[in-house]
Structure formats: C-alpha cells, structure tokens
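Multiple structures are listed underneath, in structure tokens.
First subunit A sits with subunit B, and in the next complex the same chain sits with subunit C.
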Partner chain A sequence: MSPFWQQYLPLAIILSSLLPGLIIFTLKETQVKLRISLNLFGVGVKLLLVLLMWQAVKAGQQFYFSLPFLPGADLVLQGEALSLLFVVLSSVLWLATTIYAIGYLEQSPLRSRFFGYFSLCVSATVGLALAGNLVTFLLFYELLTLATFPLVVHRGTPESLAAGRRYLAYTLSGGVILMLGVALLHSLVQSPLFTPGGYVAAAISGNEGLLMLAFALMITGLGVKAALLPLHGWLPQAMVAPAPVSALLHAVAVVKAGAFGIIRLVYDVFGVESMQALQLAQPLMLLAAVTILYGSWRALAQQDIKRRLAYSTISQVSYITLGVAMLGPLAAVGGLVHLVHQGVMKITLFFCAGNFAETLGIHKIRELNGAGRRMPVTAMAFTLGALGMIGIPPTAGFISKWYLGLGVAEVGQNWLILVFALSGLLNAAYFLPVVYRMWFLPQTVPWPAEQRLSNRFETHWMLLLPATFTAILLLLMGLFASTELSPLSWAQLIVEREFRHD
Partner chain B sequence: MMVVLLVLPLLSALFMLLWPRIAPLLALLTASVCSLVALQLLLLVSQQGSQQVLLAGWPSGLAISLEANSLSSLLILLTALLQLLVGLYAFATHRRDKLGAGFWPLSGMLQLGLTALWLSRDLFNLYVCLELLGIVAVALVSLSGDKAIKPALNYLLLSLFGSLCYLLGVAILYGAYGVLDITVLASQWQADLLSSTALLLMTLGLMLKAALWPLHGWLPAAHAAAPAPVSALLSALVVKGPLFILCLLWLQLAGATQVAAVAPWFAGCGLAALLLGGVSALRTPFAKNMVAYSTVAQLGYAMLALGLLLRFNQPLFAAALWLFVLAHALAKATCFLAVGEITATLGGKRISTLKGASQTMPLAMFAFAVAGGSLIGLPPSGGFLAKWALLQGLWLQGGQLFWLLVIVLATLLSAAYVFRAVVLAFNRADPVAPDFAPRILPQWLALLPALAVWAMALYSEPLLQLLKQEGL
Partner chain C sequence: MIDLSNWLWPGAGLGLTDAFTRFWWYFSLVLWLFVGGFSLLSQWHDPRARRYWLFFALCFAGNMLLIAALDAVSFYLGFSLMSLAAYGLVIHNNTAKARRAGRLYLQLALLGEILLFSGLLLRASAAGGRYDWLSWQAVPLEPLSLSLLLLGLGLKAGFWPLHWWLPQAHPVAPAPASALLSGVMIKAGLLGMLMFIPATDTLMQQWTPLLLLTGLLSAFYGVLAGLLHSQPKVILAYSSVSQMGYLLMLFALLSLTGVAALPVLLAYVVHHGMAKSSLFLYAGMAGEAAGRLWRQALFWLAALAMMALPLSSGALVKTGLKTQLAEANLPAWLDVGVLSSLLTAGAVFTALLLLHLAAQLRAVNNTQSSRTVKAPAVTKASANNRAGRWALLTLLVCALWVLPWFIVQHWQLPLPTLSQSGALIAPVLFAVLLRWLWYKLGWQLPPYCYNRNAPALYYSLKLKRLYQPVSQPQWHRPTIALRPLERRLNRVLNRPLVSSTALLCCILFLTILLSGV
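Entry: the complex of A and B
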C-alpha cells in the first residue's frame, strides 16, 4: 500500500541536511554563493520531505526504516506523530537560523567549517527525533554532542574554549550515564520500538529496583542536556558561542534533545502505568518544579542579556518535563506544545539579542535604554517573545501555560499551581524591565559599537527577517491555536494516540 | 591458501632485499594480494568452518599444522589490510620522513610473523612467531635513527626476557607432557603445581610482550620513538599477538581451578591499565606518547574482558574482547598516522603542536577525532559495540556495580585525553607560511581506518556472527 520509496523517507530527511553539510566541509572560504545555495537547497528539500511525511502521518500512516546494528536493537528510524512534532520544529527553525547565520557570519573566518557542523547538528537533531528505539536515540544523542561542540568553540577564544570544555565534560558524562541506563534496560527487556504506553510493564514484577535504577540513570543522562537542576552548569557558559548557535542550542538542538528524550522515556518506554506502578513521576515532578523556580530566580540576577535568556531557558524547558511528569493527558498536551512554543519564543529572543549585539554592540541589559526607537522591529519581536515567555495572551506561551494549568487541576497536584504562579511572576519580573527599558527609557549613553549594516532597514535584512518570521509565528500559533494547522492540535493528536491504549 | 599467505610475504621480503628499488611496489602488491586471499579464506571459513593444513605432507603430530578458524581469518584479513594501508601511507610520505629502505622488507617479515601467529596452534610454533615479531618490531623502531636507539634497546632486552620466560614455560610443559599441540595438550592437562608454574611463566612473558599493565613500561617510549607508520603497525597489530596467545592459553589449556585463581588478577590488571594508562595519557606533554599511553589503557579493556570471561564464562565477554581488539587496531592506526602527519607537517612533538590543527590540517584532525570517538566508545563505532557487549554482560551477571563504575570512569578518562587534543585543535591557529600546503593523500589514508571503525555498525551483524562461531 505504501510505495517503496516511502520506506526511505525518514532516511532522506536526515540525509537532506547531512549530505549538503559534508559537501560544505570541502568548499573553500571564497565559494560563498555555492555554499549558500547548498545550504538553502538542503533546507528546501528537507522542508518538502517533512511536508510529505506530515501529510501521510496525519492520515494515519507510519514510516519505518531499519538497519541491523546490535543484537536485539536495530538502527530504526520511525516517522510517527511525536517524532514529527520535533522534526517539523527543527526543520522550520533550521530555515530561520540558516538565514540568520548567513547574515550574522558575513565576512567572518572559517565559515565552511561552521556551516558544515551546523548542518551536522541539525541532521543529528532530526535523527534523534526520528529515532525509533532507545539505542538509535542514544546514537544520535551522542552525535549531537559531537556536532555541537565545534559550534560552541567556533570563535576559538579562551572563554569559548573553556565553555567548550565544560560543555563536553557535562554532556559526555551525561552520555556515558545514559548509555549505562540504556544498556541496563536492554539487558532487562531488550530495546523494542518506542510504543505508546511503554514496553516495560511486563518486566516490572521482580525487577522494580533495576528498572528504577535504569530510569534514574537515563533521566540523569538526559537531564544534562535538558539542564535539570544540578546538571545545568554548562548552559549559561555556553553563551559565548555565536548568536545563531545559542539560538539553535536553546530552541532546537541540545536542550530540546534532552527534553524530547524525557518525553520518549516517560511515555514510550515506561508508559504511564509503569511510571505510576514504580512511583517514578513524583521525584521527576519535584525536580522539574525546583528547576523552574531556580532558573527564574537566577535569571533575575543576570545583567548580561544572553545569560538572562540562558537561565530563562533552564526554567522554561523544565515546564516540558513537568508537563510530562504529571502523567495526565491535558498536562501532556501542555508539555508537548510547550516544546514547540518555547522553541519558537526562545529563538526569537536570541535572534533579537544577536541583532542588538551585532548592530549596536549591546550585551548588557542596562545598555538597552531607548533601543526600541533605534530598532523598532527587533524590539517588537523581542517584546512578543518576552510576553510569550510570561504567558500573556494571545501569544503562544499562553496556550502552553493554559494547558499545563488545566493539567494540574486534572491530576490534582494543587501545589503546582503555586509553582506556576510564582514562576510566572518571576518571568514577568525579569522580562518586563527589559521591555520597559527598550521602549520607555530614553537613550542616555551612545551605543557601545554601532554599525550601519543596511541603508533601508534598522539592521541587515538577513538578521531582521528570521526574527520577524519567528515572532509572527509565535503570535499566529497563539491566535490560531484551535485550527488544524497549529502545534496544539498536533499535540492533542499525539496525546490522543498516546493515551488511547488505556 | 594459508600457505600462500605465509609464503608470499616471505618471498617478497627476500626479493625486496635483492632489488631495494622496487621494494615499495612489491610490498604494496604483496599486501593487496594477501588481502584478497585473506578475504577468500574468511569466506571459506565462514561457510565451511575451521580449516586445517599440515605442512609438507607429514602426518599429524609431526608436521607443522596451521589452523584457520573465523577469528584467525578475521585477524589475518585485518593484518593484510592494515599492512596495505600503512604501506601506502609510508610510500606517500617516505621522501619527507626519510624512512629507511629497511622498512619494506621488515614490514613484510612482520606480516609473515603475525599471519603465522594467528594460524599456529602449537606452543613452540607460537614461540617462533613471537620471537620473529619481537625482533622485527625492534628493528622497525630503530629505523627512526639515533634518538630511537635507547627505547629500541630497552624494547629488545625486555622482549627477549619475555620470550625466555615463555620458552621456559614451554620447556616445562614439554618435559611433563611430551606434546606441544594445544588441543592435544588440553586433553592431557592436569592442574598441578608444575603446569601452574609453566602457565605463570608463559603469562608473565606474554604480558610483558603485550605491554599489559604492570609490565607496560617499555611501550610508550618505543611506540613514540618509532616512525609514524611503524607505530601504527606496532600499536594496532603487534601487541595483539601475545594477547592472542594469552587467550589461547587460558581459554583452552588452563584447568578450572587455575582459571578461577587468575581471573580476578587479570580483571584487576585491566582496571589498573584503564585508569593509570588513561591518567598518563592525560598528563603526558607529547603527542605520540599520549596515543601510546592510550594503547596501554585500551589494552586494559581487553584484559578486563578476558578476566571477566574467565570468571563468568559468558560469551558476551568473548565478543567484547575481540571487538575491542578489532576496533582498537583500526582506531589506533588512524591515531598514529594522523598525529604523525600533523606533527611532521607542523613540526614539533608536543601536544601543543596540535594547536589550531582544525584549521591548518582539518582532514587529519578530523581523522584523529573520529578515531578518538571509537576509543571513547561513542555509538555507532566499533568501540561502542565492544563496550555495549561488555555492559550487557555485566548487567546480565547482576551485582557488578563496581566494574560498571570502572567502565564509566575509564570512558570519561579516554574522553578527557582525546578531547584535550581536540580542544587544542579548535584554538585559533598560529599564522602559517604562505606556501604552507599539507599533503592531502596521507591525511585521507589516515582517515580510512577510522571510517571503517565507525562503519562497523553496518557490518556488526556478520561480525558478531563470525565471533560467535568462535570456540575460543
């Protein structure tokens, strides 16, 4: 019923960024046009393929591609609703980030290397999204670490090298611990396909301790990338990377890989019933709640724009974990949709921060006074992103928080309402002053390092367009949340399929 | 077929001595032909099971017998392929590196010694192979010139001492049983004091030759002093020879009580090698020494797997052992060739030479990083497959948290020393001369084995099948 090429569709989606990336490595610095066209060609092909898959999955089809790898665990790529959520997010945001990076890195050295690894990074992310079992997931999880490291240290300065070392120390340790957990689980129940409702239920009796250990190991491994509380130390430091990299790291690639892994682990490996039987949800929920408050609290004290955004990421990504850990359908919708919404909002904020830094030389929050008049479009986009983060309607952030709130009521963990309220307040407390400074305070000192990047716009159009695009996107996702095209309806579809089995 | 594999390198080595001018050509030709024949042999063995040949038509017991099972044919294929690759690399760089003409015949003899070792199942023949390997290896190390004399002499003395220990053990066994064929000997084996002494002596000698901790002291200096292609051969293949014999002894000969007594010691040595070797690799200031110490550490995995295999008799550990050997051979060949290429081009011996290498010599640096990924054990590389087998075995045994912790630590250590070099390479490069033009071909050659080890995921299924056939 499905033509044979459909089997290769998941592979093709990965290759559509991997192959251009590999070719880009071999290009010379001066072959700018060829490199840009290759990049955009890859993006275009990928979006087209993803569109194809999206339509088929919506109609109820599944894609499946496998290669023999380990005994009992093939390399499996699987296209289904949940993986597609993440694939669509990363492909669309890859488009925006590619354009942004081309503009951002104009005239800077070593661009072939940068764009090569950039493409590898996206390939690894998409592979991670499409991974059909834990072993395949582990593989792409490690590849992602390797592909992002050169991006973090791209500038080659002592700070960026120090940040890179720290990044590696955290993520590689996390990877090893994850491997240990995956190996343990494999020795208990093998590594079958991710199944809605999980596959460990049959093995629970007699293995409670080992299963709990496996869960703890894997959450620790994933928690490093998802920046759960004691494991978040690398994220604020990784800010020294160029702006497009930070944007990608926070919105799509690394942090989201961890969060996505937690979603997979909870719903498709352990499943709601086993989670309840083993009483694993409560500690995870607690951890996420503490991380949410801690991240917001630390963000409040940061004076550097990107550092404040970084701590905000720590807090916001834990909303996803929290939504997942509540184990209720509505909370799950909230967590899943926040995966998309947070990505779009955070990438907008990082684009804007990069714009301010590139155009005006602004890195500190107090230097932003009056920036709204000099760069109204960027400031508008930043404001939208910030409002979204706080959760003010009609932005996308409101939708996710609404569903998370409904989820709390549904599962009856009322103390979480308090967490949300407090975190919302803190979000407002660290974002609104920034917005206020941009629009309402007059400029007192000259811009630190102003550049005229464009005659017609406030900054280079390639920097402005992606920020505008994602800002509009996050508004649309909020306004049209109830239509069929929105991430919300897709998240509902996933949850419907996820919880149908019981 | 097996005879061809032995005679061809010997003949070509002789001809190389007669006509030194065509030596490289002959060496490459021999290696290619041997690779093809080895592939044939592997296919044959995988279809029809082990093959045995008795040389010169003598009856069994008198004749030198050669036995090829799936593991030996795999190792023969690996040997031939790496010889070919390293030969190409040496040919591509021999002008610049001033590699002595002696390299070609010696590498032919090395191939002969290794192939014979993989095929022999007789304690005395194995001794001959060991001795040949040791002497050829020392000669190869001394090709570097004056600065290599000291490590080479050191290597020679220790290697001879190791051979003597081994020979003494063989003599004791011959005195007691009157046979040296391993299968025959195993059928008459008695676990008494005499045989224990012999086993211990042989083990001591072999551990010394394989540079297994705590007898590894000679290896870093010798491997670091040798020219890059030689270090690649030594680290990738030569240390595996004595390890192979060690496995034969303990898996096929030794009695149950003897095995039970020695297993924890082997695992302990593996542990010490992993941790101390890793720390040394992290601390050494010289690039090639780092790679050499990494060999010491990685041999610890094989030792650990052997110890666990002896203790638990779990086939997963056997798979882990040989996967480590294969993955390490490929990865280490790349490491030495890549580091050798970088240090030769940029000039310098210290790790700081690698500063900025990701910009000046991206291909070689990429090769090093990729091979390093396998040493760390990142999926889907061969190192990961091996580690996965080890982890599975440990989890299945249950209650082995200590060893799991050791593996985690060792993995992190290897990551630390690999990325110490990689982070340096991502530093901003110092400006280079305008006519700076690194050669491309040697860098590609260095990359090939690393790609092969990462592609192991694609052929892991047949590989595991082959290793499973193995009775070892």
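Entry: the complex of A and C
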C-alpha cells in the first residue's frame, strides 16, 4: 500500500458512506434494488477500508489528512487507536442496522429520504470519530445533529414532530454552547491536533478560570448528546423514531458521539495532569454517578419497552463518562470498552424491541407475557442483552463492569463501588421482570397486532438476523475477552498509548 | 491446570490443583449425576420437563465450574450461572407459593452476587490486579472486603442471619432440585469462603470467635425454628440452616487450628450433602412409603446418620468437630467446656428436630394413604418408575453408611473411641425421652406460634412494589404558560405598535447620528 493511499484512507472511509447516501437521495422510490445494493456496497467498502486501517494502526502506523479550513485550524482527519475504536464500532453496527432497516421499512413510504439521511448520519459519526482536532470535531458534531433530525421525525406523526422539535432544541443549543467552549479554548491555546496527554498544560498558569469555563461549556455541549443529568430530556422522547433509528441513536450515533467527545476532551485535549491540576474530574465524576442512578431509577417506572430502554441508556452511557472521569488507566479501559459493549448490548435490545413491535404489535411491557414461546430467538437475544446490562458473566457487560470496578478500587474512590452495586441492582430490577414475563408467564390476551412476516422464521429474516448477530457478538466479546480481536485488548492498547506519554 | 487467560477473560484458569478441591469436585459431580438419574425418573411425567432439564443443566455446569475455577472471574461466572439458573428450579412447580419463594430467592441471590462482586473487586485490586485466588492468600484482608465476601457468600450458604430464602425456596422446588439445593449448591457459598478468605489472615483470626458464635446460634436457631413448622420440607430446610451453622463453625476453626480441620470439614460437607439429599428425596415421595417397612427404614437410616449414631458418618464428623474445638486455641472469653456442652445440647436438638420430622412425615403418610385408597391402580410403567426411584434412594442411603469407612481411610481421621460413642448415644436417647414426654404430656405452645409466615416474604413483596409499582405515581409538573402571556402582551401592544416602532426607530436613528457626530 503506497503512502499516497494511506493519506486518503480516512477521507475514503467517510466518503464510502457519504457518496452512496448522496446518490440515494436522487433515486426514485421504486428503485429498491439499486438502493439496497448501493447501501450494501457502501457498507462493504467501508468495512474493507476500516479493516485495512485497523491492521495498519495495530502495527503502529498513524493516518493523517488535512485540508485548509479556518485560519489556524485545518480540517484534519486522523486515524489512530482511539478513533478506530469508534470507527469499527459504528461501521460494524451500521452493517447490522442497515440490514435491519431494509427489513423494517419494507413497504413503507419515503425510503430514499430515510436511507439517504441514514448514510449521512453514519458518515458524520465516522467523521467525528476520525476528527483530528476540536474544530473538525465540532463540524461533524453539528452535521450529525442535522443528519439525525429527519430520521427522528421520519414517521411525521404529531408525536414524532414534537420529539423532533425537542431534539433539535436540545442538540442545537448544545452545539452552540460547545462552539462557544471551543472558541474560547481556541483563543487560549489554538486548536492543535488531539494529543495523548492533552495540550492545555502549557497555558494553565494564569488561565485557570477561563480553562475551567471552557471545560464546563464543552462538557455542557457534549453532555446534551451524552444525556448527562439535567440535559437528558430529549432522549426518552426521541424513542418515537423507527426502531432502527433508535437503535443507531442509542448505540452508536448521537449518544455515543457525546460520550466519545467527552473521552477526547478529557484525554486528548486537557489530559490527565491538567484535569488534576484544575480539579475538573471530581465534579464530572459526581455528575456521572448521579446520572447513572437517576437513569436507572426512572427506568423502573416506565411501562413502554423503548422508553425503559431509553432511560437505561441514560444510565449506561454515564458509565463511560464515569470511567473516563476517574482518570485511572484501569477505569479508562473500563470506560472505553463499555463504549463498545454498551453499543452492542443496547442495539440488540432495540432490535428486539423493534421485532416485538413489528411482529406482534407489542409496545408495553405488560403485553410481553409469553412472548418467549412465540418468538424464542428474539426473546433469547433480548435476555442476553438484558443480562449483559445487569453485568452477569459471561456477557460483555460484565467485562466492562469488572474493569470499571477495578478502576474504582485503583483510584481509591470506594464509594463509587456502591454506585455500581446500586445501579446493578436497579438494572436487575427493571430488566429481569421483562425477562420473567417473556419466558415464565403464559400468554393471556391475543397479541395486539400480529403480522406473519415469514413462513420459516418467527419474523422477517432481515429483522431476526441483526439481532442474533449482535447477541452472539456480545456473548463472544464477554467470553473471549482476552483474545487479540476483542474490544478489551484494543481498549488496553489505547490506554497503553494514552498513558505512555508520562 | 488449564490456562485460558489468552482466550477467555484475563486470568482465566481452570483446574483441580489440590486433593481437597479434587475431592469436592468429584463428590459434587457424583451427587449431581445421581440426582440427575433420580429426576430422570421423577420428572418422567412432568409436562414442563424440558424447562426443568434446561435449568438443571445450567445449574450443574455452574456448580462444576465454580469448584474448578482458579480465578475470581471464573468462580463468579459459575456462581452466578448456578444462582440464576436455580431460580428456574425453584419456581418450577409454578404455584403462587413457588413464585413468591422464587422472587425472594432471586432478590437475595442478586443482592448476594452484587456483594460478592464488590468484595472480589476489592480483593483483586488489593492483590495488584491478579485474579487467581491462590495468590490472594498472602494479601491481608480489610474489614470492608471481608464483610462483603462473608455477606455475599453467606447469602448463598444460608446460615443464620442470612438464611431467609432457604425455608421458602427449598419446600416449593421439586424434590430432586431441593435435594441438590440443600446438598450441593448451598455449599458453594462455603467453598467460596474457603477460597477467598485466607485462614491465616490476622483480621480473619480476630473475627473467628464471632463466626464461631454465629455458627452456634445458627445451629440452634435452625432447630428451634424447624420445630415450629409441620411441613416436612420446611423442617428439612431449617435443618439445613442448623447444619450450615456447624459447617460455619468448622470454617471458623480452620483459622484457629490450621489445616487439621480441613478433612473434618470436607467429611461434614460430604455427610450432610448425602444425608440431606436422601431425606429430601424421601420427603418428596413419602406418600409411597406408607405401610412399607423397608422404605420407611431408609428414612430412619438417613435420619440416624444425621443424628450421629455411632458408626455412621454423622458420628465421625460430630466427633471431629468436638476434637477440633478442644484443640483450638480460643480467646480467653470463650470457654471450651461451655462450648462443647453447647455442642452436646446441639446434638440433642438435632435429634429432636429429626424426630419431629419423622412424626410429621407419618402424619403426611396417614393423610395421603387415606386419600389414595380409592386411587386407580398404578400402571406397570409407573410402578417400574416408582421402584426405580426407591432403588436409587436405597443406593444413596447405603453409600451414606459406607462412606465413613472410606473417609477415615482416605483422610486418616480417627474413629470415635468407645467413650466418645457413648457421648454420642446419650443425646439421642435423651432426645427420644424428651420427645416421648412431650408427646405424653401434650405440651403445646399457643397455636399462633406454629407455621408462621416468614417476614422475609412480606419484605420481599414490599421491595417488589418499590421497583414495580402497582399504579404509577402521577405528578404534574407546574407548567409555565408563556404563550397566553405573550398573546395578552401582543393584544395590549397592538394599537400603539406601529407608532411605537416608528418612535423607536427615530430614537435609534438619532442616537446613531449623535454618536457619529
């Protein structure tokens, strides 16, 4: 592979979903086959390119691509270990979600618009992952907001329009605040490349107040998408979106973008030492801990499956923030690996919720009685996802919880173990009754709106396959956590590189 | 040892490294397979047999895994697999009572798992990130991690203050499942303690008298609570609470007398596992024993072994416990004489409980046989099935009586001497006398003392209501209606709007002009 190629690889990864997306916009509604093949072609090319990059980064290479953009801040795309973690996650889950969405939206109108924005959304996510400095990050962050809005309101019902308005209000104002923060930081230290260990350390003396203000502004801006406590209001409402959109929103695109931004901010902009010098970690940690408990607590009371999952997301994403805010290597491994694990587990749960809604018309938890007998594979996948969320071995969730817990003990904040314990119990309290209903209670009333989507399987195979795939994936990630392919060893590699600078 | 740390989670390793674990593993395996064979017959006509076998297999796998685990994560995996799958066995009969008991069981099991998880985390962190428990032995314990481990594992082991789920869950499960729950699975908690709590630790040695007393209290509590119940399987569950108390005492003695107590503990585990399993299996088919002397003799053989009649395995372990207690260097405030006389009193109580059980089983027999007089004749297949089950039970009871010789040979335990045998018979005779007197004189407590519902069930329901409210609390947030306010403002401003805008523009224009000048 020539160096010329290497330079354009990050750009090519973004374009591999952007170009098919743009072409899809121009397609007619009836050109189903062309659209599907374009979509799958994009996915395939992207996975191939990501694989290339993954191998090179593992060998220690770095990818760098820049365009002049603003004075003092170029548009930089950078491929290194941390960005690749998120790129791999979003590409693999994009594959699953695309297949799911094709099955889910069969027969429904406006599919060209949907898949066009869908591809845009993934391009923005990947761009955000590959962004090499704060300005580029901000650009893709805003693009992501705009690309997801049409997906949230896709159904066009008054309810989804209201949710969309709320989503836009939250995320746009979050974006403005983030921009303020970035601008403030830019005026202080410019916007150089993300560097392990951060780049603000030189400017700390004399600028403490302003740096703290910039950090607070940026955390507020990112916290809107990461659904930190007072800014989480849009997330439970946005679950009115179609199931593949919610799945992508919760697992990869929007929520994770916020969490990923926090990781970048803490490790690559401020860095561990500056965070300690400015004493910024403690408030963030507290906020994350409160969000974890609050999200779990609110999830208990929800009767709608997707709403319960949404509140669960609020709680689970804060695990990542918490792991990052603890500033210890083991906790960082836990947080980073949870970024992947939570994505896979949550996408499984949303796929399953979508399957129940599509096949049987089930939206409420109390309607799930006996669903395990009617749809055993989906129910099994849901059970695995739920066990993972609680943190029962050998699922992926256990591994991340174990590392987060080790990180807690490592930095000596033992009260956080109590947070994990309580949250684990709350998770069990809102997931296990669902599982119990599916498997142990008999069906008493007919399904609300049953459809026969397949003659051979319990539902359409395109709905069933992604859920099965991610469920198996989450089991494998938990079981074979030590192998080289696992997210855990990749997270350890990242942390090794991040913490090596000192 | 199988090193899996490059494949599975970090530090994963399986293996039976010492004779102790090996013996425990093989014993559990044999008992599981045996009871599995039994349930092959007893669940033959069960309409939900598939579910039973699924959870049975999961429990089995978990139990075997946790014994063979060499690292904390593998142990935790086996432990949680076993705990959660046992829920399916507990609620197998699907009655309201079973579901209630299952709920309590699951709540406590999850609580125990979280506590154990936290304890293991603290230990792993204190050991510098090594997960194999053999290297934890040298790391000193802290009070927090010790209490977390004791609570988390104790909730499974089921001794006195942590015994709530035992008397609820054991009676409702199918007989082979409760035999396994009581015979093998609750021992997993004890095994965990043996693995993760080093006996030579200083803090542990400070806490030992406390554990010793807890074990003693548990031994007495189990018997006294069992005497107040009339359901045979509830009595057996309480008997397990009491026996786990003795095992806890042995565990505590381990850190006072060193490894000498280990064979006794192992012998006790084996003895209790087999005796309790056979009693549970018998209780499950007591109705078929009416009028059959040989079948009832099986019960008496198992019960007498538990009452520690000389030459039985019970005699061996009870004597061993006493010897260990006499040899231990206890703190000054714990008098050995008082303790050993308390142990003798405990033997009387154990015998009393088993006699009570026998009476209750006979009562069940009488009612069942009077009810089944007009039952249709059994078919040949079910008669075969029945005979097979009894044959298996006979095998188990025989093994229970042959066992002491094997244990004595293998672990070089001393056989009880003649005087010790006398000391063993006396409590049994005394218990028989007491029981007879009780029967003759018709002593009774007020009726409300008997068969009381456990408060744990009530609190379990309360807890469920907390996380699954019956009705959603509706709270309306106060809405600040800005829109009407705005409308009213517009209406007020409507008329002078044009003129006021013009005025404003003029003022602005003037200011710009003036500032420009």
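By definition in this document, the second predicted complex is superposed on the first by the 500 of 502 C-alpha atoms of A that agree within 3 Å, B and C clash if a C-alpha of one lies under 4 Å from a C-alpha of the other, contacts with A are read in each partner's own complex, and residues count from 1 in each chain.
Basically, contacts are C-beta pairs under 8 Å (C-beta built on N, C-alpha and C of every residue); 3 or more make two chains touch, one makes a residue touch a chain.
This structure is a prediction, so every number in the text was calculated from the model and none was measured.
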| item | value |
| --- | --- |
| Which of subunit B and subunit C A:300 touches, first, second, both or neither | second |
| Contacts of A:482 with subunit B and subunit C, given as first, second, both or neither | second |
| First, second, both or neither for A:279, with subunit B first and subunit C second | neither |
| Touched partner set for A:68, first subunit B, second subunit C, both or neither | first |
| First, second, both or neither for A:394, with subunit B first and subunit C second | second |
| Partner chain in contact with A:406 - subunit B first, subunit C second, else both or neither | second |
| Touched partner set for A:451, first subunit B, second subunit C, both or neither | neither |
| Which superposed partner A:187 touches (first subunit B, second subunit C, both, neither) | first |
| Overlapping contact positions on subunit A, where the subunit C interface meets the subunit B interface | none |
| Complex interface listing, subunit B residues touching subunit A | 356, 358-359, 362, 369, 373, 376-380, 385, 387-388, 391-392, 395-396, 404, 408, 411-412, 415, 419, 422-423, 426-428, 457-458, 460-461, 464 |
| Subunit A residues touching subunit C - in the complex, by the definition given at the top | 300-301, 303, 330, 391-394, 399, 401-402, 405-406, 408-410, 414, 417, 420-421, 424-426, 428-430, 432-433, 440, 478-483, 488 |
| Subunit C residues within the subunit A interface of the complex | 4-10, 12, 73, 76-77, 80-81, 84, 91, 94, 106, 110-111, 113-115, 117-118, 121-122, 124-126, 129, 144, 467-469, 472-473 |
| Footprint of subunit B on subunit A - complex, ascending | 25, 67-71, 75, 110, 113, 135, 138-139, 142-143, 146, 149-150, 153, 156-157, 161, 164-165, 168, 172-173, 175-177, 179-180, 183-184, 186-188 |
